[in-house]
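Every chain is named by a letter (A, B and C) in the order it is written, and numbering of its residues begins at 1.
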Amino acid sequence: MKLYNGGKIITGLVIFLGIFLAPLAYNAGKAAYIQPKLKMPENEKECVESKEFMRTKHMQLLDQWRDWALRDGQRMYVNSKGKVFEMSLQKTCMKCHTNKAEFCDKCHNDASVTPYCWDCHVQPEGLKK
Amino acid sequence: MNHTRRNFLKFAGLTAAGLCVASAGGALAVSGAGSAIRDDEKILKAKRWAMVIDAKRVRTKETIDTLAKACHAAHNVPDIPGKQNIKWLWAASFEEAFDQPNNYMDEGLEKSLFPLLCNHCTNAPCVRVCPTKATYKRADGIVAMDYHRCIGCRYCMAGCPFGARSFNFMEPRLHLDLAALNKEFPTRMRGVVEKCNFCVERLAHGKQPACVEASQGALVFGDLSDPASEVRKLLREHYTIRRKPSLGTEPGVYYII
Amino acid sequence: MLEKALKGSPKYYIWIGFLLLVILGGSGIYLMQLMQGLTITGMSRDVSWGFYIAQFTYLVGLAASGVMIVLPYYFHHYKKFKDLVIFGEFMAIGAVVMCLGFIVVDIGQPQRMLNVLLFPTPNSILFWDMVVLNGYLILNVVVGWTCLEADRQHLPHPKWSKTLAYVSIVWAFSIHTVTAFLYQGLPGRHYWLTAILAARFLASAFCSGPAILLLVIMLTQKVSTFKANVEGVATLAKIITYAMVVNVFFFLLEVFTAFYSGIPGHMHSIVYLFKGVDGHAELVPFMWTAATLGIGSLCLLIPPKLRDNLKILPWSLAILVIATWIDKGLGLLIGGFNPTPFETIAPYWPTGKELIVSLMIYAIGALVVTILFKVATEVKEETGASQKEAVPAEN
């Protein structure tokens, strides 16, 4: 079988692979990724739900809280252990996690995630002008 | 099977669609969480929240500004100069507030100002026109705003006959004292409509609305459907008017003039 | 057939390049609007819809106008419109694209646009407006493209395209009625709260839309080998004239109700627009220009000798378009929000940035129309349909 325009195709493929694999080449030889050290709350040892659950599902939980509290008007959440919390990012989550930059942002920056919550919700350490 | 390009594309498309549906189904399930939700024991409940304003006791710019400051501070409402401003509660003259033009008014009313806010109408046109249900009617009669869903089309602002709604033309945080924010309540961002929310977040914990608390009894908040409530008592004993009643929106704010 | 839009004369390339430049420049300003918010426009708390929505309203009229060609051709087999149908459908596509464009640039959180689909709200007229506009776009794309392709292959139009064409005729009336319903169901805005608003919208659409279409077709005849059927053009001019008469008549009906009843709510907006209130008379010169040009266009269109004069016709159509644009593009929105619910006047004027973004949307529409009309004229040239007569060689 004849490969028509073979020269152009092979050249294009080489350029594409070069660009595609560039990040790997850039990081070759550097240390492996280390999970960031988060500043944990001093007073509380237990979060609303377990650490594993929060790690994977905290955004889903916040979305549910948002709709239950705002649209349905019911603001108290009973977790899987029977403890009651108010469903509020600013009044519950951020009361323990008192610094967004030292807790939330650490993982979010590494994962390149920019949730738009903070366009409206006020982080506990306050806003700079 | 017929190994034509067409059949290959059909097969590939079906596979892709199937994979999408499967993964979407997985994403929708949230497990491992408690799912009981309930109210705070202290919550204030009603079938139809309403407000009676004794306009004889709040008739100057100073007294009404006290109410507005309490409301705006509690809700991080920015103070924007000019015509793209935001206000949840403000002062207006009799001509501006009510549709009862009178060419020879008594001097008292002529000089009075009146506190205006969202009327939380029973038959709210803003709720009727919102294309996303970002503004919606709660079971307790409050017309609520969901800032997460609002697309900023401003149809509700065109629909409101009372001019009660404001739009965030710019970033509100540019006009807020960032050191004096109420850290328990969010701000909004540019591109959404906002208005008085009858302090639903305070009612949920047994507190009266901010303006009612600041009014020293001039504003009374209660359940219109409960004949024994304070608001019904006031409505039985005093002559009250509402704004533009002929439009049939059934506003929930009454003025004792 | 789209490949026909890729090759053209140098003038064609310059025109496309110019449009792309305008779109690029406008995009920069739109980016500013996304970052800073709608504060860059002249809108305010009291006038919360402005130039963008006014253009959207006017262009829905332009989109609906194709029906003035499609209806006589399909329902009444008026063969003289045969070569114009495709241009009506393609103009509708360009107009609906611009309508959607103006809505997108007007909403405060455009990234949440899909909420209207994710949370359908049938009691909201805006939901239905989205449905009918997009439906009309799909109808015109499918029917127009299929019929043009069929013509190119010298094949009869498929039966289903006729069915869809019939649907599009009814649908065209619905898009402007639904747009009118956006306004005429709002209890607080007395300039809009009138049953005749939908009828006014349709009348205004059916004169201004075909007028714009006819002007663009005349331009197309200058820059391509296409020649429209002379009798078809004359009939379209007649339709435009009747529609403009009805449009002016409906407006005068409003004036009568307002001023004979003397009810302030009815009168105030018209007084603000034509005379001024509380010292605010910003729109007065524009509204009287519109009225003069509107009557003037009728004086040039009603007498057959003037209407059939192809040297005068473009001017009559142009002043008709200006008059209807001022009425719908400026008067409707600003008059609707003034006086405010507080009986005050809140003057509004679009800012420069607002106008540049609007220009960008108009350029996008012009680009769509240019490409589609190029394809259509080239297909007609290929099949030898409706061509200019060759200039006889000199002996």
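Definition applied: a contact is a pair of C-beta atoms (placed from the backbone, for glycine too) under 8 Å apart; a residue touches a chain by one contact, two chains touch by 3 or more.
Keep in mind that this is a model prediction, so the values were computed, not measured.
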At minimum, the number of touching-chain hops separating chain A from chain C is 2
Of A-B and B-C, the pair with more C-beta contacts is B-C
Cα centre of chain A to Cα centre of chain C, whole Å, reads 46
Whole-angstrom distance, CA centroid of chain A to CA centroid of chain B, is 31
CA centroids of chain B and chain C: separation to the nearest Å works out as 36
Note: chain A residues in touch with at least two other chains are none
Per the touch rule, the chain C residues reaching chain B in their complex are 36-39, 41, 43-46, 48-49, 103, 106-110, 112-113, 115-116, 118-119, 121, 123-127, 130, 182, 185-189, 264, 336-337, 340-344, 346
So, in the complex, the side of chain A touching chain B is made of residues 49-50, 53, 57, 60-61, 64, 66, 68, 70-82, 86-88, 90-91, 116, 119-122, 124, 126-129
Per the touch rule above, chain B residues touching chain A in the complex are 30, 32-34, 36-40, 76, 136, 138-140, 144, 146-148, 173, 178-179, 181, 183-189, 200-201, 204
In the complex, chain B touches chain C at residues 82-87, 92, 95-97, 101, 125, 128-134, 149-155, 157-163, 166-171, 190-193, 244, 247-249
